[in-house]
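The structure's right below; bear with me while I get my questions together.
Note that the chains are named A, B, C, D and E in the order they appear, and that numbering of residues resets to 1 at the start of each chain.
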Amino acid sequence: MTWLGDFFGDPANWSGPGGIPMRLLEHLEFSVLALLLAALVAIPLGLLIGHTGRGGLVVVVSANLSRALPTLGLLVMFVLLLGTASIWPVIIPLVLLSVPPILVNTFEGIRGVDPELRDAAYGMGLRGGQVLGRVLVPVALPLILLGLRLSAIQVVATTTVAAYTGLGGLGRFVIDGFATKDYASVVGGSVLIVLFALVVQLGFTLAQRVTVSPGVSRRLKTR
Amino acid sequence: MNDGPPTIWEWVARNWDTGRVGSIKDLLGDHLVMSLVPIVAGLVLALPLGLASVRWRWLYQPTAGLFNVIYALPSLPVFMLLISVTGLSKTTVIIPLTFYAMAVLIPAVVDGLGSVPDHVRQSAVAMGFTPLRRLVRVELPIATPVVLAGLRVVAVSSISLVSVGALIGQGGLGMLFTRAYQNPFMPPVVVGIVLIVALALVADGLLVLAQRLLTPWVRARRAS
Amino acid sequence: GGGGGGNPLDTTSAAPSGSAPAGGGGKAVIGSFDFDESVLLGSIYAQALEAKGVQVEEKPRIGSREVVYDQVKSGGLTIVPEYNGNLLAFVDLKATAATTDEVNAALKEKLPPELEVLDSSPAEDKDTLSVTKETQTKDSLTTMEDLAKVSKSMVVGGPPEFKKRWEARFKEVYGLEFKEWKPTGPTTADAIKDGTVQVGNVFSTDPKMAANGLVALQDPKNIFPAQNVTPLLNKAAASDTVKTVLNDVSAKLTTQSLLDMMQKISVNKDEPATVAKEWLTTNGLG
Amino acid sequence: MITFDAVTKRYPDGTVAVDDLTLEAPTGEITVFVGPSGCGKTTSLRMINRMIDATEGSILLDGRPVREIDPPTLRRGIGYVIQQAGLFPHKNIVDNIATVPRLLGWDRRKARDRAMQLLERVGLEPGMAERYPFQLSGGQQQRVGVARALAADPPVLLMDEPFSAVDPVVRTSLQDELLRLQAELHKTIVFVTHDIDEAIKLGDRVAVLRVGGRLAQLADPETLLAQPTDDFVREFLGHDRGIRRLQFVPTDGLPLRSGLTVPEGYDGDRSEPWLLTVTPDGRPVGWVPGDGKGGPEPFGTFRPGLDSMRAALDAALLSPSGCAVAVDDDGRVLGVATRDDLDAALTGAVDGGRPHARPERGHE
Amino acid sequence: MITFDAVTKRYPDGTVAVDDLTLEAPTGEITVFVGPSGCGKTTSLRMINRMIDATEGSILLDGRPVREIDPPTLRRGIGYVIQQAGLFPHKNIVDNIATVPRLLGWDRRKARDRAMQLLERVGLEPGMAERYPFQLSGGQQQRVGVARALAADPPVLLMDEPFSAVDPVVRTSLQDELLRLQAELHKTIVFVTHDIDEAIKLGDRVAVLRVGGRLAQLADPETLLAQPTDDFVREFLGHDRGIRRLQFVPTDGLPLRSGLTVPEGYDGDRSEPWLLTVTPDGRPVGWVPGDGKGGPEPFGTFRPGLDSMRAALDAALLSPSGCAVAVDDDGRVLGVATRDDLDAALTGAVDGGRPHARPERGHE
């Protein structure tokens, strides 16, 4: 616990480009940027594939493969390929890694909607887009959010590792602390990252509460 | 020795087995140890916990919640925090990976046992199975496909996660990445990625094979 | 603040195998820092010792000096290729010794009783602060003193431990204050070249100095001490054979041969162990 | 009116689901498609609202080929009810019902009012409006499904085995409700079922299909029971066909004798073999032998006019006298139909006369 | 024999599922528990093999309280069949059937032989032995369930709505098969159903339970239909009770007239109002009016002795003549039962006489 005191108690850790607030902001920036880009690619694609039912196998297989890809390997590969002048060598692998969970869950969510329901919607005169937007997406939302959450968890973790390649973010405290035997920095940084991850997790739980209809989550009790 | 960097094949040939520490073969061995131990240990630990969660239903929510949280923790800081307990050793990588494995496998065990239709369970009781025998002969076999599906996820992600351990000097094949970063050179990165993915695919394939052998009734379903 | 007595990085074994017999036992445990030159030197030591029948275990790429030093002290490692100047700076923050002899003398005095250094080799790999030729021309920089006038607008890069080690000394001796300290690790030379940082800590034997068109600023006040390659030993493991072999190695090792070997590693991507073996054979040591 | 004109549906894999189907589903009536599994009922139904397009022939809605109508527009004018109700799980009940009105651009308030009104009409309490589908029983969900299909007051309703997933008791009440609603609303309904009893109960006309999608017989239920065209239809109708037919024989004209009822403690003429004892307020107690020896024996009752000859025969078979006791809605004795009179009526009905009463409904 | 002696079951939440139940299920007979949902049928059944333990009272198996027997041991001696068959999905058919013998320690070979033998007995082909349950239809699964329950030749069989998940046609054949098996094996069977038709068809004795777990009536099926003890039982028996009773009236003694059958192209006496035309090999063609004007009209047939009066009446109601055509197993005309003769037989049966025939089986 003294490590935590040492770390959080040191005013030098609270200011400047290497301070906690800046690092936190950087971490947030990389994570949000990567997740946003991934979502922009994966959600429309997942909706399309789920809705039309074409290409599902490719999605599932590639998602399985992507789980096997080592984060650190990708990071190093892109840094070697593109250099460290911009943040893209880090953002690209982050996006690559977070597309599959969103894609698969969106796809599975849409595809898993009871065919009767889809039928009923068409039978009532909804057009293709309306069926997707008004019925399939709300019903598949829990899975879509799950995909986003899994990706977010992964992005936060990978952003941490990305500090190894000289990028900012909370991973700096851990990696620099490790190199300089400053265990207070290691512990403090780790705790910050863990808290960050938990807040992300909590955020998604709350988002789920707010956006998913109680009729789908079945959270209401009868009577 | 000629000038200029070797091709990827030359590099592999030179470094596959140098007989010294850090050869590819050596790293591969480390990698296997650090990924297989969590898979096996995760399963061994998840089984009793899953069973307990089914027996005492109140246990499931807190257990699942806890492991859900654990699963969300990034591996690097967890490795780092664990150093104060286990030091700079393989154990530091193995322990968190075991917990990640449990986070996937406990729900799999619970779902697997939940996939045993109630009427099947009732039948077993009515036929005079004792509880233990029922568990071993009826419930666990029926739960196997679901548990194996979870195990496949665990195997693949454990194998790829080990590489992060390179940042504390315990990465198995991940060490190829840090090495290639310090002395910028692509072949080790490519070889590392390829070997890790291949390892994951092999593990996955073996589990699929196990699934076929252990659960012929599932395979039969696909065939018909 | 420092880690205090409970720092787990102090006390635990850095062994990748997880089982480190504490020192002695006739078996030499050779560690190295996490950069290729150190790994190369470690490998040279190891193979030289093996050739003379000493039982050896290698634990390469353990980490920074902060981590490795404690391992040697505690006996988890018994031999590490060190650089005498930096080692001195590490054990005595106020040390001002600059020449090889001064440094080695100071070291003998400051090292704790369980540790000793063997003969220094003539081979030297100094820390530098380097900039691109363009920067040098533009800001007319020759020495580190010249840097003071522009340092506030510059980002400095280096390994993660660089800031902690040098920030205070730079300010005190040359009045250097930088805009930002960026941990660029092994990519420092590239970072200087591509402008991510304007000035950085590059080793004098780094083949990238030349490849990237970098120039090292002069260090008139000898803030970077002599950096002769010097074996650091835990006395518990120091047998006469070991000492003889390592002193023979140090005697043959020159800055030029170090540069040549690093060239093979950095440019030809040869493995340190292979390069080491080659050198030992050529010099009749392996 | 919905017209099938030589309609054939061939699926891409070659299955002929519907083969040269020609029939009419008249306006304001219930036309039932019945037949064994896979005979093309669903396919036929779904060709009407173009969920499936016919391969050959054409389907006309009031004379206009559906092929010419944009499918979503067509569907908004046709109610569609399916087995699991197909309710939207993410919308509450009232929003589910209001779906089509909203699609048609009604304002929110009007759509909700309409939905609330329909909720009541299908026999659900207004308190259920804010619930979600999963909070309802199967029968309640099915009611909401019907309400939703009716929301925009479409003239046509397609129902595909809507009641087959609920238990028999609930199913009966759903059927009764549908008939009650139809009596008010006079929709043109096409109803699919594989349950012949349901078909006979609900259909104004019943189309029996055979596997391969061929029409085996199209007739009103009475005719169907009396004159199945072939063995397939006969088999499909089951082994109670003769007795079941009696459902369509009315009891209006049945002569009722009143001389056989006597008060409790009666002590008069005993020339009849059996006499029916009644309470002072006219409720039956039981049959006593003419000779006065023996307690009251069981009896069976029917409601003349309301119940069919099937009920009357059943009542007669329950009485030792062989007579059926006629009662009013309150259970008071109206008279007694003797075995002879019943026989005469039965013979009259079966023997040529083709009765056209609705089948009995919701009795017991 | 299974004896319920003042058995009460109260669940921890206070629900009284079974209330003071006393009855006997005699050895070698089928006792059916029937009643509305939630009346405690399943609870009663499961107390026999101690899947549930009684709160009060005791259950005896051949005089020995089940409470004294170790549950697994008890259960291995009692066959148990349930709705979903409860087959083990991970074992093939033959291993499923051999489960209890294996539990009892039979060697593998003997258990398999026994299983193969039973497979045949329940009407499945030996080729199915290696299949897995999901590869079987619902009806086949149910047969395997029965075979499995019989595997160790237990004297007692408990069956909880075993046939309720299969379609009506298959259900009928499963019921028939059960009766056939029972005629060979003479097990003591307790059978639970909520279907009164099934209860009447299968039961030697039928116990009607009411909600709250009270016994409403215990009787053989004929008595039950003829003399329901109260309104609850009467209601439960349904509105076809009178007609249904006819199932228990045999057609053996029914007089058959042969003078009404004539060959095709007949040209003789036409004093009868209707005549039945038959082919040269004796098969019925149809009724023609006595005056010879009009084509052949439909007819209905029954098999005297085999079919009950219910079938005869149904046949009569299908003919314009009101006469039922009696045929042999090959469909050749044996004679004609006239309306009058049927009436007399009906009256005789209903009027006091208590027939004791088994209900008709497997007709059509």
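Note that a residue touches a chain if its C-beta (ideal position, glycine included) is under 8 Å from a C-beta of that chain, and two chains touch if they have at least 3 such contacts.
On a predicted model such as this, the values are computed, not experimentally measured, just so you know.
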item: Shortest contact path, chain A to chain E, counted in steps; value: 2
item: Between chain B and chain C, the fewest steps along chains that touch one another; value: 1
item: Chains contacting each of chain D and chain E, listed by label; value: none
item: Pair sharing more residue contacts (C-beta pairs) when B-E is set against A-B; value: A-B
item: Most widely separated chain from chain D, with each centre as the mean of CA atoms; value: C
item: Chain at maximum distance from chain A, centres defined as averaged CA atoms; value: E
item: Separation of mean Cα positions, chain B and chain A [Å, integer]; value: 21
item: Mean-CA-position distance for chain D and chain A (Å); value: 56
item: Centroid distance [mean C-alpha coordinates] between chain D and chain B, Å; value: 60
item: Inter-chain centre distance, chain A versus chain C - centres from mean C-alpha coordinates, in Å; value: 40
item: Where chain C touches two or more other chains at once, by residue number; value: 6, 8-9, 63, 185, 187, 190
item: Contacts with 2+ other chains: residues of chain B; value: 83-84, 178, 181, 184-185
item: Those chain pairs that satisfy the touch definition; value: A-B, A-C, A-D, B-C, B-E, D-E
item: List of chain A residues in touch with chain D within their complex; value: 114, 116-117, 119-127, 130, 135, 138-139, 141, 212-216, 218, 220, 222
item: Chain E residues within the chain B interface of the complex; value: 49, 51, 71-76, 78, 80, 82-92, 99-100, 103, 131-132, 134-135, 148, 158
item: Chain A contact footprint on chain C (complex, rising order); value: 1-4, 6-10, 63-64, 66-67, 70, 159-161, 164, 180-185, 187, 190-191, 194-196
item: Residues on chain B engaged by chain A in the complex (per definition of touch); value: 68-69, 71-78, 80-81, 83-84, 153, 156-157, 159-161, 163-164, 166-168, 171, 173-174, 176-178, 180-181, 184-186, 189-190, 192-193, 196-197, 200-201, 204
item: Residues on chain C engaged by chain B in the complex (per definition of touch); value: 6, 8-9, 11-18, 34-36, 43, 46, 58-63, 185-187, 190, 264-271, 273-274, 278
